[in-house]
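Look for subunit A in each of the two complexes below; its partner is subunit B in the first and subunit C in the second.
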Partner chain A sequence: MAEPLEQRFSSALLDPRAAIPAGIRRADGGDPAFAFAVYRNNVAVSLVETLAAGFPAVRALLGEARFKAVALDFVRREPPRSPVLLRYGATFPQALGAREDLAAIPFLADLAALEWARIEAHHAADAAPAAIADLAVLGEAALGAARLTLHPSVRLVRSRFPIVTIHAIETGGIERPRHRIDLGTGQDALVVRPGMRVAVHPLSEGLGAFVEALVWGAPLGDALEAGINEDASFDASGALQLVFSAGAVEGVEQGEQDA
Partner chain B sequence: MTITTRRAASTAILAGAVATAAAALAAVPTPASAQAQERCYGIALAGANDCGGHGNATCAGTSTVDYQGNAWKLVEAGTCVQYGSETDMTNAFYLPEGRMGSLEPLERDLPQG
Partner chain C sequence: MSDALHSARTRAALPQRAGAGFKPLHAEGVFDSDHEVSWFEIHPENYMGEGGPMLALLETLRARYPLSIHGVGLSIGGARDLDRAHLKRLRGLIDRFQPGLFSEHLAWSTHEDAYFNDLLPLPYTRQTLERVCDHIDETQEALGRRMLLENPSTYVIFETSEMEETEFLAEIARRTGCGLLLDVNNVFVSATNHGWSAEDYLDRFPVGLVGEVHLAGHKEVTLADGARLLIDSHDRTVSDPVWALYGRLLDRTGPLPTLIEWDADVPPFSVLAGEAAAANRFLERASAEDPAPLRLAAGGRHG
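Up next, the complex of A and B:
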């Protein structure tokens, strides 16, 4: 049996060499091939533009022409699964990482993951951040078991490359340095939108492990240990100051205390 | 170290850390109040409006008309009404043809159709 028209229509839409699906005609009796070509072009262009708007640092790194070609290839391989355009691009970072012709830019996938985290944070639900006073009121013995519920916009991107610095350079947030930056220094990024603006906080070693433990819902005592395990000079007070002042904590939950 | 003594150690570290962090943060304003902003309607160029993530119809970058009346941009709190007050075209508060910024959605400059 032949494929249904919808199926043939959508696959012809993404393949520029495909003939227009049989059964398509124009209401005004004109040439359907021309109209279909216009529609096909609009679909591809609008999706490429969506990626271009969402991944400005990747675009700046690759240059307009190369970005367009890479994005178009992605659009054809992985068309949207949701009608909501703002969810399009979640798998773009992985797709970039899988491309052998872009292997010379080893941090590209992580940089794209940071840009996607910013998009997700941008569209996440609003919530009022908690203050550290909410934690300070707990008794000393209850602190280790307490859990910090994170703000709905919180995303953590861990990388062995300095992605926060690269992102800031490529998007004009900081001036392009005269010298090559040290690609060997990894940076983890805490992305959060406590108010209306998305903020990206670079995390030093130890802090990344601490925040990751919080993301997984670990009690504060375990998160502290995770931080110390990764960096023996882990600064617990600094870590708490960062997550609270960044607005990354939405609430404090009292955990089960040891008997 | 046994689990119990390790717990005791981390409890002590935590208690100190929370106290220090609370003291340090008490001295600085919270991020929300430090940079209060307001939604200002009718001032964004096409495609340059903001989005708050709540159920508002227009979302970031979706306005199609310059100074679209139902699209907003975040500005520093208290400055929205200044938009349109300047006649010097190079001033940041200049808006063409007598338009003014508004804290409420406007009926002007809506997309056709």
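Up next, the complex of A and C:
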């Protein structure tokens, strides 16, 4: 008896066209649908607000009304699966990318992925970053086989579009330029929270390939090679400086020595 | 182990003064101003990340104030089995932050795999009573402590209900040994919406089991057919009739830890502190007048 009630209640919460559950009423004898609408509204508003708080650049770009409609559609299709709402929205970027009515904004899914990466970094485990001096103790011969353990907050978002710049514009981090920005310049984003603040570092092409290799756990030599393969002007020592100074490295592991 | 340190935290029970719901945006006001808020309450679900600024802020808060952990996501009133992973996360936060109290709601929020982020109502029947008691037994076991269960605010009633809400809550407490969290605003909201007398509700409530009181603001909406409904909106000051009910309650119980809740359109901290100061006037009067003969089971740890 209680289970079907909950089932009907749940379906009707997420589907505004569904009939309200039988067996509920109002003390004044009025139509219980109007009171049930309060629950429906609470669910919709609170979950849309959760997404709005997590994806401010997407929200600014789409405008309030359009964001609400898109977010509500997502809430109805993919409601949270956990009461821990700081984990809600992981699939929102994909859902945005799959919408044909938003195809005119080709970078939207990548922009949302950057915002999701910021959320994850915000709540990631704390750890003290390593210093580049930790590499020196290995000696040059051992560098190629060494592996960098990345900070738990590190996230990499690679994009064909200038998402770091767009994010900064939409969230007020930089002034909106007078001219259209060149959407043809891709930006990869290194997101990291070495202390209590999330930072986003735009990466040139070779750096993106380098960090991606590190994320996959490649030895340092292979990661540097990945950078060079993608960008002939890749600067290996600059790349190392960047990941350490960003606080993106938690530790240095000595690799297996070549026989 | 560092026994003294451990027990200092463990013993930080909530004082019989006003507390407030903690908002990170209030950190400066909380830590850097003189105010009458003696303790803080948090929703644990907001602190279930691995690390980062939210947990760091909670460490700072807990170092300076007694804490109450008030869950919103356990779905104790739901048909579904409790989420073991969620219980484990709650236990982790409780072990780390040693709150004076842990409380949850007589409501459900999850069905199958969907979490609705709202406190949904249940009919009061023999069957739901068994289920809620099982869930509370399991929670108290998993958390290693006694919990408080909060009375809900509701917008509809169920044809299948067999018991009054006060009777239902009293029976749960009797069977499980849990305490109760009495939300006076919820009493007023539900009573108004369903045509009960809020005074009768309070008079029937097993007030000896109350370990904490909640006060909050509500709003009135007009439904599509013109009827008026109160919504537990937590977005404004406590209304006069709710203060009056609170005074009536304290006349019976003596002072109790009392929380000012404010979760939407959150004002500057000074406004919450002003509400807390108003609650403290009631608490001071109650402690001067009444030796609290009924306050038998407030606070405390399980076992």
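In the analysis below, the second predicted complex is superposed on the first by the 241 of 259 C-alpha atoms of A that agree within 3 Å, B and C clash if a C-alpha of one lies under 4 Å from a C-alpha of the other, contacts with A are read in each partner's own complex, and residues count from 1 in each chain.
As a convention for this text, a residue touches a chain if its C-beta (ideal position, glycine included) is under 8 Å from a C-beta of that chain, and two chains touch if they have at least 3 such contacts.
Here the structure is a predicted model, which is why all the values come from computation and not from measurement.
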Looking at A:A104, would you say it contacts subunit B, subunit C, both, or neither? Reply first, second, both or neither. neither
Looking at the overlay, does A:I132 come into contact with subunit B only (first), subunit C only (second), both, or neither? first
Figure out whether A:A232 sits in contact with subunit B (first) or subunit C (second), or with both, or with neither. neither
First (subunit B), second (subunit C), both or neither: which does A:G144 touch? first
For A:A65 in the superposed arrangement: first (subunit B), second (subunit C), both or neither? neither
Please work out whether A:S10 is in contact with subunit B alone, subunit C alone, both, or neither, and reply first, second, both or neither. second
First (subunit B), second (subunit C), both or neither touched by A:D31: second
Which chain makes contact with more of the residues of subunit A, subunit B or else subunit C? C
Taking the contacts subunit A makes with subunit B in one complex and with subunit C in the other, which residues are shared? 86, 122-126, 193, 196-197
Per the contact definition, I'd like the list of subunit A residues that touch subunit B in the complex. 53, 86, 122-126, 128-129, 131-133, 135-136, 140-141, 143-144, 193-197, 220-221, 224-225, 236-241, 244-247, 258
Going by the contact rule set out above, which residues of subunit C touch subunit A in the complex? 45-46, 48-54, 56, 72-75, 78-79, 83, 86, 89, 108-118, 120, 122-123, 125, 127-128, 131, 155-160, 193-195, 221, 223-225, 227, 229, 231
Of all residues in subunit B, which touch subunit A in the complex? 6-7, 10-11, 13-22, 24-25, 28, 30-32, 35, 37, 50-54, 59-61, 74
Quick check: in the complex, which residue numbers of subunit A touch subunit C? 1-3, 5-7, 9-10, 13-14, 23-28, 30-32, 34-39, 42-43, 46-47, 50, 79-86, 122-127, 152-153, 193, 196-197
